[in-house]
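Labels run A, B, C, D and E following the written order; every chain starts at residue 1.
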Amino acid sequence: MDRFIFLTVDGLARGAVFAAFALALVLIWRGARIVNFSQGAMAAASTYVAYSVTTATGSYWLGLAAAILSGLLIGAGAERLVMRFVDARQPLNAVIVALGLVLVIQAVLGIVYGSEYRPMKVPFSRTPLSIGDQALLSPYDLFVFGTVVVVMVGLGWAFTRTDLGLTMRAAAFAPDMARLLGVNVGRMLTLSWGLAGAVGGLAALLVVPTELGAHPHATDLVFVYAFTAAVVGGLDSPIGAVVGGLGVGLVLSYVSGYSGSDISAVVILGVLIGVLLLRPSGLFGHTSARLV
Amino acid sequence: MNIETHVTPCDGSRSGAHLTVQDVTVQFGGLTALSDVGFEVRPGQVLGVIGPNGAGKTTLFNVVCGFTRPQTGHLTLDGRPFRPAPQRLVRSGVSRSLQGLGLFPGLSVLENIVAGAGGAARTGWWSGLLALPRTDRDERELHDRAAALIDELGLGAHAHAQPGTLPYAVSKRVALARALVSEPRLLLLDEPAGGLGHDEVLELAELIMSLPSRGAGCSVMLVEHHVDLVMQVCDELVVLDFGRVIATGTPAVVREDPAVAEAYLGAEVDV
Amino acid sequence: MSDSLLAVRGLTAGYGGAPVLQGIDLDVAAGTIVAVVGANGAGKTTLLRALCGTIPVSAGTVTWDGDPLRGTRTEDLVRRGIAHVPEGRGVITELTVEENLRLGHVWRKDKADGRRATDEVYEMFEPLTRRRRSAGHQLSGGERQMLAIGRALVARPRLMMLDEPSLGLAPKVSAQIMALLKRRCDETGLTVLLVEQNVRSAMSIADHGVVLSLGRVVASDSADRIAADDDLRHAYLGF
Amino acid sequence: ACGGGSDSAASAPGVTDTSIVVGTHQPLTGPAAAGYSTISPATKAYFDYVNDNGGVHGRTIKYLVEDDGYNPANTQTVVRELVLKDKVFAIVNGLGTPTHTGVLDFLKTNKVPDLFVASGSRSWNQAEKYPTTFGFQADYTTETKVQATYIKENLADKKVCFLGQDDDFGQDALLGLTQVLGEDGVAERQKYVTSNTNVAPQIGKLKAAGCEVVSLATVPGFTALAIGTAARLKFQPQWISTSVGADYATLSAALGEAAPLLEGFLSTNYLPSAFDDSDPWITLFKKINKDYNGDKPFTGNTVYGMTVGYLFVQALQETGKDLTREGLVETMESGALDGPGLTSPRYSKDDHAGYGGAQMAKVTGDSQAYFGPVYATDDQEGTEVAVFDGEATTPPAKGIPAAK
Amino acid sequence: MSFLSRHTLARHTLLLLVAAMAVLALTYGLSPYRNYQLATMAAYLCATAGLTVLVGLSGQLSLGHGALMAVGAYACALSSAELGDRGTTGPLLLLVPLACAIVATAVVGAVVGLAGARLHGPYLAGLTLTLTIVVPAITTTFADQLGGDQGLSVLVEPAPVGLGATFPLERWQAWIACAAALLTVFLLANLVHSRFGREMRAVRDDEVAARLAGINVGRTKVIVFVVSAATAGLGGGVLAVLTQAVSPGAFSLAFSLFLLMAVVIGGIGHLAGAVWGALLLVALPELTGSLADRIDASPALAERLDGNLSLLVFGLVLVLVTILFPRGIHGLVTTAFGRLRRRTPDSPPGTTAARPSTTTTSTESIDA
């Protein structure tokens, strides 16, 4: 039982960062209708910025601000300078350009920072608080949870309740029509990318310190798990992203804890297939689309 | 899900009806789109289904096509119970055009029409893989059929155009051709006249009226808001309102029905 | 002709290949309804698209309220008072009815009036009231058309461009809409550029009629006279 | 050398009167680049040093380093490029078990000398099957046998556990432990995969089992993760790591502020310690690092890379002016090489493994230093772990092996 | 001419023979290393051809074709080891493992295709993406059979003695691989030009309309997936034979993504595009690598530039090519070719190279 609680808590802590990252994917999917394969690399770049700032100033919080800000700029820049010129009639081209960006960003990071892992600071202790003999969440885990919840609620609110969110969605779903309705589609896309970059940067800054540290490839696997999480949850749904993220975190934790981490990927695939067979658009996706 | 037409004969009554719809009810969440709808289509008949927007006409078509499973009620086709599935429709001799266009944008006009004839092909995918000569023969037959229809509907000039570049009326005709090329015995037309000009509507009317005498004899179900056309071509009308049948009968009878005028035609419209 | 709200001179536009529209001249006076009719493929839809800047214009000028319109980005048209209900409706099917309507007036400063206009739309199109929270893709064809028209109305435009508004609507509803447009013109000075297949009903409310054929204006006259001109009808409108 | 008559020096691929071209495959990019991308520059620096000092038998060494990103498919391509297109004379220090395994057959078919493979796998020691392939590192099993011997003698009553990578690295390492401590000697065994950077479940299990000594067969990143995670879980066993994941400079950088956790960290190694300024080899390598390697941080990897360079130059010198591939392989098997290691490489006719021994090292303060005896053994079940009785070599004059 | 335009099999067989002769001649002109590259390209072509049909024509996005190649490669390795144990030699030792690769991958493809038939866009992408991370997991879980990280070696016979003692192995490998690739392209070309090819494009464009046209959407999708998987499996098997080794690291996520890039940049939905894509997969890394090698830098900088610089160039090329030539190299070539043709006065108007040849049969009958 102790072990179960331990694994649950550990899995949730881990899942929270997948969730944060999945939120960034959801954001861009809702705002631009593409799966941003360069999200991971963009976020890795933001963590390096945070790393540099924190190293230079000694302040975690300045680094955090730098990560968010640089994420915003990188995301918006990617849209304005690159993605905008991609032929929208070829749906896959955006994916390919994003993959090209991954190579470019990782190569630049490798050239600038080298290929060594750079350890990163955390603002709160990672030693778990315990009740009795049972180790529970650490202050840092709570910080991650809090951030993820704030981002999720914020995004959900912004998308469904605010005019800006509405215009962003309209621009994503039907750019031509949105334009006729007075939506500045280009600006909305830039904004979506910028926001997604910021959320991605934030998410990466939450996860990288718990792993090996900043590295051009530090977010590769996180991206894969976060993408899986977003798909499980339904790419359109912030809540889905969080549920999916926590789910993936728990599965990884239970499988490594009870069986051995080698088959965790297989179990993830199993879960994914199971969910998609029952709900082809993810747990929180709309399924009742009228066909005719 | 895909249960094919049952072969068990339905309690003897092999009536004259081609298609019967009995007690069909469809609900979407709290909304009742169809409630206890029943009627029949006789061979060679053109049956018009009219009614206000959102009355359930398209939903009714969806039930007949198997896109929507009704909560209650059942269908028969040629006297046998009919559990429709969209991809088997063509083989049951039923064909449908969509309310929009529903053309394949990446296929040329010719290919669009040939695609509708696929049900008649005799060779499987793996003969295609090996490019056996019989697939060539098969393809030629399908193409010949499509070509004949293209001639008939005057689409020759557009055979190799992409649907996206065509005038709306031409696209509509392509969609009609694709529904016709499978030589259906029951054709469901969902607003075929939408967006058509006066001439085109007249041509369409003539075409629809010629359908019952086409090939093995084709019955038609027509959903249309173009009242002139409906009154001209239909042998019988079913009027839906809020998912309920509020009137049936010949055009002349229905036109005089005050309920229909109130719900659908509107007072001041002279038709 | 300086009194016209929208003045088009020598407009030439198309889709890459040969131009579809060839030197269109058109005037729309404020507070009137101008109906553009013509056979299928005449270029009516293309005309509206060119006016909105969704397809490139190769020659000609468009003046809106005295200022040139070319160079205005599509997304700024609404703010200048031009609303367009495109062919094929353009309901954003992933958004709900409410959201679609909200989108119609998000850009407006006067939120209260936006809400008022929305309520008016619900009043007018009763089926939409029942379906407020339904996603656009759940609507029937006619319901979508209502939504598209309603969404243009909540913007309180000075000029409404409608591409076949009666498409897919029950006769009663389409008559209602025509009546409504007429009423708005008379009461609030709305200007309407109406593209319609149904020549009779279009001409019945229009002040002015324009007949297009093969991308050219072949007749432009008062609606009554267009409707009465048998030669014209036979030659270009087919009846 | 005694190469066949037709194999004159000029006809050996990659060899001219003035130059020798050799190549390698290394992960310079990609996730595995961390920790490895500094090795080949060190080797190259040593070669440059030798070239500037007259080369080997009048020939300069050209070292072609190809990036394979630790991806076996790329390795296939780049090694073929080296052999077929660039016509290298030999492959030197190709890095990685999965990557290099894939090209063994190809190198054998083309009779390319395949020296000093950079991995502690036991696969390189198959003289029968792959006659031109030679290992370099003390294999993982050898290292853990030395660890186990230390545990037996100094931590006898402690509960010993194991955390290892879920591949041959972990398996071979575990094998060494159990050979010495017996199957029951290792109480809890946990594995991790590099694709899952959360090792808390495994560490939790080790803690729950009450482990007191944990032997690690981990790459540096995961050594740091394991130590960091354990500290969070208030679990501080005696860690003993194989050389792969024990470089102090790398670990303390990875742990950042948590570096003090490394105090008392035990490990095994078979090369001179980069911290040991009194070692003449280190003095030599530091000088070369300064002059030929841009004075980059001097780490265990630098020592590793330069040792490889030294051994290769020595092999060339021993083979003589008349250089052939057969001749080089014969030199290797002659057992003439004696590089900077704690023991000498054990190459012989039927032993193609590398260093056959190791010594314990401990982190105290800011450095990692050897203590206790050097042990020699091999990977075989029966072989005892004995105190090495040979003498440590010292660098020759100028630091370049003498010609034969 | 009209005989050929009426008989797909004859036309495609003729093309196949011409291509085979050309390749044969080519292999004699190439150095061993170039022959090896040709062989690798051919192995990739098996996979890219199947992938371009799957993604471009049936509209199913697979990010896991690398994993499917892995299945083929492992099936090939395991079956060749089994045959080796039984003492099989000669052509059987080559053909049976390749057949096993095809069958095993087709089975896996059927399972994935069934699971994915109802999925769209990113959801299918997510499912197939996960496949790539499952490959290493499975190989470590069944390390005893699959060799873990280190993988397996593949038993391959040298070139037949009949070809002479000095016959380069690489040329023999190029023959094997090109034979497989030509066969794949031949069969896929047949399929694409058949009714089934039209049906999968219909499914891609509009599933509802496709169902109404009598097309079984689910079945069509699954069949395309199986066919595409089978070709990927063959590609994987051939790759295993070429390299005599298989290991999970060779079939990483990045590799799967590169396959997708290759088909998009080559020109998605066209078999010719798949050829361009396969060529790029082989040539681009080498080109960017040699470009980057030109740069001389200090040791400290060189260490960082090494490898990274060529990645940078590679990434930039991908981005630029995709933006500048949105229809890929194939699109570029056909446009250029079309322009050239338009300038020649005697070419019939309105014919473009992109039009499927089956339609030409009835063009005349309609226009007449």
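To be clear about the criterion, contacts are C-beta pairs under 8 Å (C-beta built on N, C-alpha and C of every residue); 3 or more make two chains touch, one makes a residue touch a chain.
Fair warning: this is a prediction, and the values are worked out from it, not measured in the lab.
**Student:** State the smallest step count from subunit B to subunit D, taking one step as a move to a touching chain.
**Tutor:** Graph distance in the chain contact network comes out at 2.
**Student:** Among the other chains, which touch subunit A and subunit B together?
**Tutor:** Touches both subunit A and subunit B: C, E.
**Student:** Tell me which chain's centre, taken as the mean of its C-alpha atoms, is farthest from subunit C.
**Tutor:** Centre of mass proxy via C-alpha means gives D as farthest from subunit C.
**Student:** Using only Cα atoms to place each chain's centre, name the chain farthest from subunit A.
**Tutor:** B
**Student:** Could you work out how far the Cα centre of subunit B sits from that of subunit E, in whole Å?
**Tutor:** That gives a centre separation of 42 Å.
**Student:** Where the CA atoms of subunit A average out and where those of subunit C average out, how many Å apart are those spots?
**Tutor:** Chain centres of subunit A and subunit C, defined by C-alpha means, are spaced 43 Å apart.
**Student:** From the C-alpha centre of subunit B to that of subunit C, how far is it in Å?
**Tutor:** So the centre of subunit B lies 31 Å away from the centre of subunit C.
**Student:** Nearest whole angstrom, what separates the Cα centre of subunit C from the Cα centre of subunit E?
**Tutor:** 50
**Student:** At least two partner chains per residue is the criterion; list those residues in subunit A.
**Tutor:** Subunit A, residues with two or more chain partners: 106-107, 110, 114-115, 220, 262, 264-265, 288, 291-292.
**Student:** At least two partner chains per residue is the criterion; list those residues in subunit E.
**Tutor:** As it turns out, subunit E has residues touching two or more other chains at 133, 136-137, 140, 208, 303, 307-308, 311.
**Student:** Going by the touch rule set out above, which residues of subunit D reach two or more other chains?
**Tutor:** Residue numbers touching two or more other chains: 28-29, 33, 37, 166, 193, 195.
**Student:** Go ahead and list every pair of chains that touch.
**Tutor:** Chain-chain contacts present: A-B, A-C, A-D, A-E, B-C, B-E, D-E.
**Student:** Okay, in this complex, where on subunit A does subunit C touch?
**Tutor:** 163, 166-167, 169-170, 173-174, 176-185, 286, 288-290
**Student:** Spell out the residues on subunit E that touch subunit B in their complex, using ranges where they run on.
**Tutor:** 6-9, 12, 187, 190-191, 193-199, 201-202, 204-206, 208-217, 223, 227, 350, 355-356, 358-359, 361-363, 365-367
**Student:** Over in the complex, which subunit A residues touch subunit E? Could you list them?
**Tutor:** Where subunit A meets subunit E, its residues are 29, 35, 37, 82, 85-87, 89-90, 92-93, 95-97, 99-108, 110-112, 114-115, 220, 224, 227-228, 230-231, 235, 262-266, 268-269, 272-273, 276-277, 280-282, 291-292.
**Student:** Applying the document's contact rule, which stretches of subunit B touch subunit A when the two form their complex?
**Tutor:** So the residues of subunit B in touch with subunit A come to 28, 58, 61-62, 65, 67, 98-99.
**Student:** For a test of understanding, state which residues of subunit E touch subunit D in their complex under the given definition.
**Tutor:** Touch residues, subunit E against subunit D: 31-33, 36, 40, 133, 136-137, 140, 143, 148-151, 153, 158, 169-170, 239, 242-245, 247-252, 254-255, 285-286, 289, 298-300, 302-303, 306-308, 310-311.
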